[in-house]
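Note that chain A is present in both complexes that follow, paired respectively with chain B and with chain C.
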Partner chain A sequence: MKKWIFCLLLIGLALQLTAQGKFDVDAFTNPEKYGWKTWEDRMNYRYDLYERQKLLQLYEIDAQSISGNLLKSAVIPGWGQFNAKQYTKGEIFLSLEIGLLGTSYLLYDKALTNYNRYKEATQIDDINRLYHNAQEPYQYSIVFLTLGAIVWGYNLIDIVQTTEQYNAELWEKTVKNYYNAPVQITPTGFQIKF
Partner chain B sequence: MNRIKIIVIPSLIAILLLISACEQNKLRSGEELFQRGSYAAAIEQLDNYIQIGKNGAYITRAELTRSACYLELGLAAMDKENWNLAIRLLKLANSAEADLELAKVYNTLAHQAIDANDVPKAMEYFSLIINETSNSDLIPEIMEMRIIQFLNYYNDKEAAWSEYMQLYNLYPENEHEIAAREYVDSFIPSFIDAAVDKAVKKEYDAALEDLFEIRRYPVRNRDRIDFEISNIYQAMAEIEIQNKNYSVANDLFLKALEYYPAKKEAITKRLELIASLYLEKGNDFLKIRDFDAAYAYYNKAFEIIPDFPPAKAAINNARNIQYNILRAEQIFKQGEIAEFNRNYPEAKNLYSQAYQLDKQSEYAAKIEEMDNLIQAERNPTGFAKSIITQYRNGLLTQRIQAQKQQLLKKYKPEEIRDSGWKILLSTGQYKYEARYDLITPDESLFFVWQINLKDRSVTPLNKMSEKLMQ
Partner chain C sequence: MRIRNMAILFLTVVITLLTLACELKRSNPLDPTSHNDIVVPPKVIIVSATGSGANVVNKFIEITWERNDENTDGYYIYLGLAYNSAYAVVDTFIGNPVPESGTTLSKKIDVSAPGHYYLKMSAYKTYPDGNLEGPLSQWTYAYVAN
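Up next is the complex of A and B:
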């Protein structure tokens, strides 16, 4: 295992070195590499970038933190999705989690009851039957708990993507509102378009 | 418990990997590279992210960070005086801050070119600063440098002037603008001369345009410019006077005065002339009895010179005339009533009064008519005879006598019978016939005319009489 890791590191390093050897300064510093062939092209890009930069502050007000939503979904599955306004997803995760963990708990409780009875049993037939009755719900309980853990894990994966999607859409909405609205709230004040 | 570990731990690793692969972290890794000073690596990282990123906000931040990276690299290249590389990197930085640095690079290169006596190259760099780095503080200085080079190297005054106008428009009262005035003042007199030449060729609009353009700027020859502008307006006003556009001429004279008040006396005289011309025009309208137009022109004279005495006199005169005309019309009507009542002496008297007030030919005709009627009433035949004998200074009598002389060549005097003038009453009131017969044994000449006593008209009543009148 360690050999494999060492080999992979070596290959990575070799690739890095090869890549560095091919570094082309002319290409790297080519002023036209972003498609700005003229001064006007550069100015148009700059103007667009400045306009977007002004919107960043507005965007930051409503943008959601991935770690915050992750924490919420970790505590209560679906909470982060609710926060990101993905209500259906939130409901599915929450109900699935409640269902799976609840079922797991009920089965575990049943297994525990049977197990306690099994410990108190004195007849060999009762011992065998109660042990069997304790073992089966316990195994199902583990299965449901595992499913619950998988759903919880997927819920965490999903909240990262959901939050990113929410933020991406928020940006698009911010840009759209800015360019379409007659009255615009900018970081420096109000702007009215006639 | 082991089974749980087997499931949960890989899940957590997968989650952590996924989280680390999220967009925000890709951006952060680029930003961290920038903060660590690994600008080239940061640019690579950010370029890659910008191409695949989905969140416009993160992309914007990435682009801003990338710009900052290029700026830092550009500054490093400047430190090493690698100007070409610096230019390329600063262009890629594409920001206002980068422009300021880019201007410094161009300025350094321009001064190097000047030191190497390569002025065209230096001018290229100056142009780049002006055109590509408009926010640079160096621009006023560069523009001043360009003015100097336009004059000293290219001897192109027009270009120098154009540059100065831009300099003043963009940076008025800037120290470099003030310094540039000295150079500009050296050629402004020649520009004024050129404008005056245009005015001499009667290209007034072009000349004024040139002078006003110069006047907008703080040049030294302001007085002369104003004087020339005033002269041009004056010349234009004179042309308008010739074309009888007095209102336009007046405006032009006032403009001439506005630009050069020292000309007040001369221009006032010209204004008085225009006012007088208005009065003349008003008098023309007065002659054709268009009083409204006449008053309008008299009042225009006041617009030029308030309380202009000749205009006041003209208005008073017009009012008197208007009053006299009205009075004459009233008296004339009284005369017509007297005439209707056959009181011709009274009618004549009234018509004469009307004529005294308003010398109308109609009134004069009436006076004459009344005179005729008075005579016709007194002795109609005698008046008729006097009319025919005095017709065209006795022309008819003279010609009849000439005819008689012709007959005397052919006939003896006793063979010719001369009837003399015979006056007979004709058909119609105040109409009489005048006859004159010359009778011989072989031929007879019968002349006959009708006389209208009322108007003293004489009308031939046969061909012979008509011929005699010709």
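Up next is the complex of A and C:
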């Protein structure tokens, strides 16, 4: 029985190996696929890659992680934006969130007070009046809470874009500074241009 | 960007409309809106309110009202010092007896000082969770002489 299984396994493997196409070594090693026409192109590309790798290390020191900023903005709306140096955005999100959630809480508290009084009421006019006085602020509190949730969600969408923008600007700045500065600090040491 | 803003606006409007449809539960056991077996007592009609005359030692107001035919187990009597002032329950008429003659019931309320008084009344119905009080009547004026 075991022999049969072994034979079937061998046949399966053999079929798979024959099914694979021939590996194209020429296409794999052809330098023209990268657009290099001459040896000089190839060397320039290599030099450019080397420079970019150096810059990347510098860039990564100050670059901000999207997940980190996302977490910050999830905990306190606007915190991530502050971190990404978008202070106005951060202030707007923070103040909007405080305003909306604060209003929602105040209205909910008012609704709850009237609702507790409604539950204890025994006079028909009081029952109707207190229920109405509880119902209206309750609905508005939910509206403000929902708006707060929408602002919170939008703040999360925004922080992804803001961090991406921050990192893109940081990269441009890093490249600009690197090529313009006479003294360059690299992760491996100093470089002085004369 | 524009599509995203439109989507957020649309979402906001939809959620706002949905939340406006939310209602608090009418959990009061005496609330007739949520309990079909609860019936509100009818409004009381006050016929008259007469204050005691001059030189009476124990000053009082006699109030007369139309007896409610149904859903009433008693009456509350309210007193106020102005027609638009706050009113407080000063006495309770327990029961809803059928009068020997006519259709009215009456009660004397003791007052401590002479002056102008305003009265209101309401009927109540007793349920297992308490007394449900009906709507307040129109105010009536009474003068208690010194």
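Operating definition for what follows: the second predicted complex is superposed on the first by the 161 of 194 C-alpha atoms of A that agree within 3 Å, B and C clash if a C-alpha of one lies under 4 Å from a C-alpha of the other, contacts with A are read in each partner's own complex, and residues count from 1 in each chain.
The rule is short, and it goes like this: contacts are C-beta pairs under 8 Å (C-beta built on N, C-alpha and C of every residue); 3 or more make two chains touch, one makes a residue touch a chain.
Predicted, not measured: the structure shown is a model, and the values here were computed from it.
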{"item": "Superposition on chain A - do chain B and chain C clash or fit", "value": "fit"}
{"item": "Touching partner for A:I142 - first (chain B), second (chain C), both, neither", "value": "both"}
{"item": "Which of chain B and chain C A:T122 touches, first, second, both or neither", "value": "second"}
{"item": "Which of chain B and chain C A:V160 touches, first, second, both or neither", "value": "first"}
{"item": "Partner chain in contact with A:F28 - chain B first, chain C second, else both or neither", "value": "first"}
{"item": "Partner chain in contact with A:A63 - chain B first, chain C second, else both or neither", "value": "first"}
{"item": "Touched partner set for A:S95, first chain B, second chain C, both or neither", "value": "neither"}
{"item": "Partner chain(s) touched by A:N44 [first = chain B, second = chain C, both, neither]", "value": "neither"}
{"item": "Which superposed partner A:I150 touches (first chain B, second chain C, both, neither)", "value": "both"}
{"item": "Winner by number of chain A residues touched, once chain B and chain C are compared", "value": "B"}
{"item": "Shortest span in Å between Cα atoms of chain B and of chain C, once chain A is used as the common reference", "value": "7"}
{"item": "Interface residues of chain A shared between complexes with chain B and chain C", "value": "142, 146, 150, 157"}
{"item": "Contact footprint of chain A on chain C as seen in their complex", "value": "4, 8, 11-12, 15-16, 19-20, 22-24, 26-28, 30-32, 40, 122, 130-136"}
{"item": "Residues of chain A defined as touching chain B within the complex", "value": "23, 25, 28-31, 33-34, 36, 39, 42, 45-46, 49, 52-53, 55-56, 59-60, 63, 66, 70, 142, 145-146, 149-150, 153, 156-157, 160-161, 164, 167-168, 170-172, 174-175"}
{"item": "Chain A contact footprint on chain B (complex, rising order)", "value": "3-4, 7-8, 11-12, 14-15, 18-19, 22-24, 40, 43, 54-57, 60-61, 63-64, 67, 85, 88-89, 91-92, 94-96, 131-132"}
{"item": "For the chain A and chain C complex, residues of the former touching the latter", "value": "111, 115, 118-125, 127, 131, 134-135, 138-139, 142-143, 146-147, 150, 154, 157"}
